[in-house]
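Each of the two complexes below includes chain A, the first together with chain B, the second together with chain C.
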Partner chain A sequence: MLDLSFLGQTILNGLSVGCIYGLIGIGFCVIYNASGIVNFAQGAFVMLGGMITYVLVSLNVPLILAAAITIICVALVGVIIERIVVRPLWDRKATMFVMILATLAAQIVIERATLIVVGDQPKSLPVFTDLPPLRLFGIAIGYQTLWIFGTSIVLIIALGLFFQKTLVGRAMRACAINREAAALQGIQVSHMLALSFALSAGLGAIAGILVTPTQFTAFNVGTPFAISGFIAAIVGGFGRPFGAFLGGLTLGLAQALAVYSLGSGLKNMAALSVLLLFLFLRPSGILGSAK
Partner chain B sequence: MSITTGNILEVRGLTARYGEVTALRSADLDLKEGELIAVLGPNGAGKSTLMRSIVGLTSASGDVRFRGELLPRNAAAVAARGIALVPEGRGIFGPMSVEENLQLGAYMINGRGEDYERRLSRVLTLFPRLKERLSQAAGSMSGGEQQMLAVGRALMADPKLLLLDEPSLGLAPKVTAEILETLAELNRSGLSVLLVEQKAPLALKIASRAYVVVNGRISTEIDTKEITSHDQLARYYFQ
Partner chain C sequence: MKAASFIALALATTALAAPAMAQETFKVGVSVGLTGYAAAVDRAWRDGLEVAADYVNSKGGVRGRKIQLVIEDNKSEPQEAVTVYRKMISSDKVNIFISGCVSAGNFAAAQFVVRAQIPMMLCSILPPQPDQVKWAYSFLAPPRFEVEKRFAYLKDKTPIRKVGVLHDPSPYANLQKDLAVKAAPDYGIELPVVEQYKQDDADFSTQISKMESAGAKAVLKIGLGGSTVTTAKNIKQLGLNTLLLGSVDDLAVFKPTGETLGNQFLFVAAPAQVYETLPEGALKQEIARFLPLWRAKHGDRDAVWAGKAWDALMVTVAAIDKAQSFDGEAIRAAVETLPPYQGTGGIYSFSPTVHQGITTNPFFMATYENGKVMVKN
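Presenting the complex of A and B:
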């Protein structure tokens, strides 16, 4: 009985961190769809999300306001990276390989700059709702977990509506389907690229803000999150935002179950096994690849 | 600045390369306001490159003037001037619905409002078959219907100049005839049209003039009234 509730707890925690991976994975897809670029600076957005919020909160800015300011700042960082790193290369029709390296370099620059500014000590944020966890069938459901689930669901619905119902969202999808044909309709593809970076960076920041109270943040948490988000995107079928979210849940669950049954040393092995399994058995991902 | 020559489009010395390959060599072309002219030539001659270079989809050198004004080399900005290209292979957004495709054609007027509704009803009158399929995925329609959608989507921008790159590609003769007849009708109502076709006899029926492109060069300009036989046309291709 005790064991069963522990399993339930494990699954819950796995899904919770899976939501975070999923949000990061969606960030990869949004940029990839608008531009064909795999943006490895994605992890930096997650780290900055937690870190800037931490700095603002320690300056006595209320948490909600700090989070809002952070999301906007990180979205701007996304646009700046697009402008000074990605666009010049894109205009020169740089190869995918060059692009990945450039975004990785941007990630490292942001990481190191953060190290210089805030130091190497891990920081954390208070939980958003400071109440004892709810208990259900012996499973402790922390309010932060509810925040993560709730925010993820709201974001998924909002993104779905944006891409399906708004003209700009449809224009972004059109760029993903056929960039030249989109340009012929008068859609400035480069604006869509900037917008996709703002959107992805904002999503990454939200993921970082949500996850920090349950763990911690430090200048170097970006890369592991980026890798998990990238795996989530591949598992979901690269370029399919909703697939990336499902991929994130799959990954979070697999990691948690591996830790539960085999020990915490196997977390990364579980993640990479999920990746390999999908690459071998279903390379187009859960929902099938976008192109 | 703009000199009134009566030309809606003037192309001068347009040259485009793909790496080492020069696909278009110093092309000159004029299109008068309200004219429908054809660009003919064999496969690989450079017709598509010419179209793509006019609308700024290639990094070509040379001048393209629209109503006397130099066009930017940015496809979205060219579209905003009132030029629409129906690209080779149609370029429809397959996973999106027919209606979404048409709405994106009117992206520059935000895909809504009175103008949008007026344009939509005009396009659906021209191509009634699209009306029945508004919510269907564009990619699930027949080739002919997709081509109608591609033309319809271009018309949603209310262009002053319509460029078409081989609209007959892969279509049954009957459907091709239907589409070309629609183009002729649009032209009669004042739209300037530049039509690329490999199937010369079809294009020559509705065009007043034609340019022949061979090996990346515009080799000849012909008056369609002079063409009376297939042999005569063949001579232009292989001279």
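Presenting the complex of A and C:
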């Protein structure tokens, strides 16, 4: 007999993880739009988000303050990567493959530096609201899940307003549409590139801070998140921030339903097969590619 | 002039070569996953070996030779393990391998090691082929011990008879899973859901929900690393009173897991993890020999895997002393005729037919509460 509460729980679990994939996917899109670069150091931002918050909380910094400091620190790391890794190559008009390799190298450097500083053991954060989960039709809704949903929705709305209503956001969109034309209009494209790295790193950090209380963080957790975020960005339509979020939800849901129906051994195979099939039918992703 | 230069060069070469010959070392190849899913355990294994090698070298080495560790990161991947094993065989010309816990990596490289006739002391389970087993010795307790300890606890101490199994895809975890499926009926336990996860999965809520839906009141978690923390967090998020029964692992994993679930989390503890509660005797004495050296270098970091590495090197040294030789075949034969060796992880009794040295279950069931490991049986 179909256990509806289990099915509902599965859908909720999938959407919750999907929100995280989506936020990481948005990070990919923001940088891609401003620069045409696929930044594979995105996973490192997620890892740093959880890790720096953990370190600060262990030093008795209140969680909310620790989270705020972490987001700023990781955004700065994003800018540093842009300045010392990406910008020199960008100025020399390096190819996309070189950029990808450079950002992958940056990811490895950040991982190793983290390993040296904090060690190899798994760390975790307490949940933001330590209360038993809410129950609705037999479905358990953990407060951390609500934090993930709530923060994701707020961020999506804020990003939408930023890109639509602010001068800087519009300038970034102009860069996304045509960098040369944007430059001719007086937009400092290189500043937009630095800003996109800061924004993207900050989003990655938020994803890391949100997800760490539901699992753990360690120096090497970034890469799997980067892969899932990248898939989310492609499924949603590369370069479309909201599409990436929808892509993340789709991937999370597909994985959860694969576990529900086939077992977790076939989770990724089943989920990615479904997504591949979808891309055969709609190669430009859910919302269509930005370029 | 030319002749004088030649003589000077010859003298200089001789002068440089002489100390090198005097300092001939016994090379120990170490394939470990310093990165990847096995990093926490294998780094401890490496660090334990370093402490053991320093100790042996401080006593003059083994039969006049200092021990030299050749450590290579296999990234917890079988393909990488093959590469580093081959490098250590052909370039470094190691005398023996004392390798970490990435069983798939040790399996993948075993054929090359056997061809080179080099004994392998392993943190992992034994490779599957009989000709490979001949050269391999495991310092891991038989996987069934971990399973049996947990099932016995459930049977004797709880009314729980339905259990879900959550395991990773490593050969060690798969073997334990198969043993669990086979042994469960002997303890009156039913396993309605058996799920496999990947070590880097971000969430197990759906697997745990599936177990709950099937009536399982405990999760038998088989696998190392942070995934145990994720399982605990997910159980708490789902508001379940399901017991989580963890495998042998590092205290750094047990600590956040215990802080999340309290006494809902039980784990299989190795002797070194419950040192304070052990009765006086040979086991406690051997742990006491190793622990101060370990703590002097690594503080209060968990000593369980490092202790096994210490055991592996000490058995190797004992075998070389017995064989009076550094030859691989002679060491191999000596390991099999050593008297039972008291290590920090239990008593190792190797023989021509027994290559998994620990034959008596050395484990305890424990919880992590209020910052302390508490023995529960």
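The criterion applied here is as follows: the second predicted complex is superposed on the first by the 283 of 291 C-alpha atoms of A that agree within 3 Å, B and C clash if a C-alpha of one lies under 4 Å from a C-alpha of the other, contacts with A are read in each partner's own complex, and residues count from 1 in each chain.
What we mean here is this: a contact is a pair of C-beta atoms (placed from the backbone, for glycine too) under 8 Å apart; a residue touches a chain by one contact, two chains touch by 3 or more.
Since we're looking at a predicted model, the values are computed, not measured.
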Determine, under the contact definition given at the top, whether A:186 touches first (chain B), second (chain C), both, or neither.
-> first
Touching A:123 in the superposition: chain B (first), chain C (second), both, neither?
-> second
Could you say whether A:35 touches chain B, chain C, both of them, or neither, answering first, second, both or neither?
-> neither
Quick one: classify A:220 as touching chain B (first), chain C (second), both or neither.
-> second
In the overlay, work out which of chain B or chain C sits against more residues of chain A.
-> C
Considering only the touch criterion stated at the top, classify A:265 as touching first (chain B), second (chain C), both, or neither.
-> second
Taking the superposition as given, does A:171 touch the first partner, chain B, the second, chain C, both, or neither?
-> first
Which of the residues in chain A end up touching chain B in this complex?
-> 167, 170-171, 173-174, 177-178, 180-189
Interfacial residue positions of chain B with respect to chain A in the complex | 55, 57, 74-77, 79-80, 84-85, 87, 91-96, 100, 103-105, 107-108, 110-112, 153-154, 157
Taking the complex as given, what residues does chain A use to touch chain C?
-> 3, 5-6, 9-10, 13-14, 16-17, 20, 111, 115, 120-124, 127, 132-133, 135, 140, 142, 144-145, 211, 213-216, 218, 220-221, 223-225, 228, 256, 259-260, 263-265, 267-268
Interfacial residue positions of chain C with respect to chain A in the complex = 35-36, 39-40, 43, 169, 195-198, 200-207, 209-210, 212-213, 225-226, 229-230, 233-234, 236-240, 250, 252-253, 256, 260
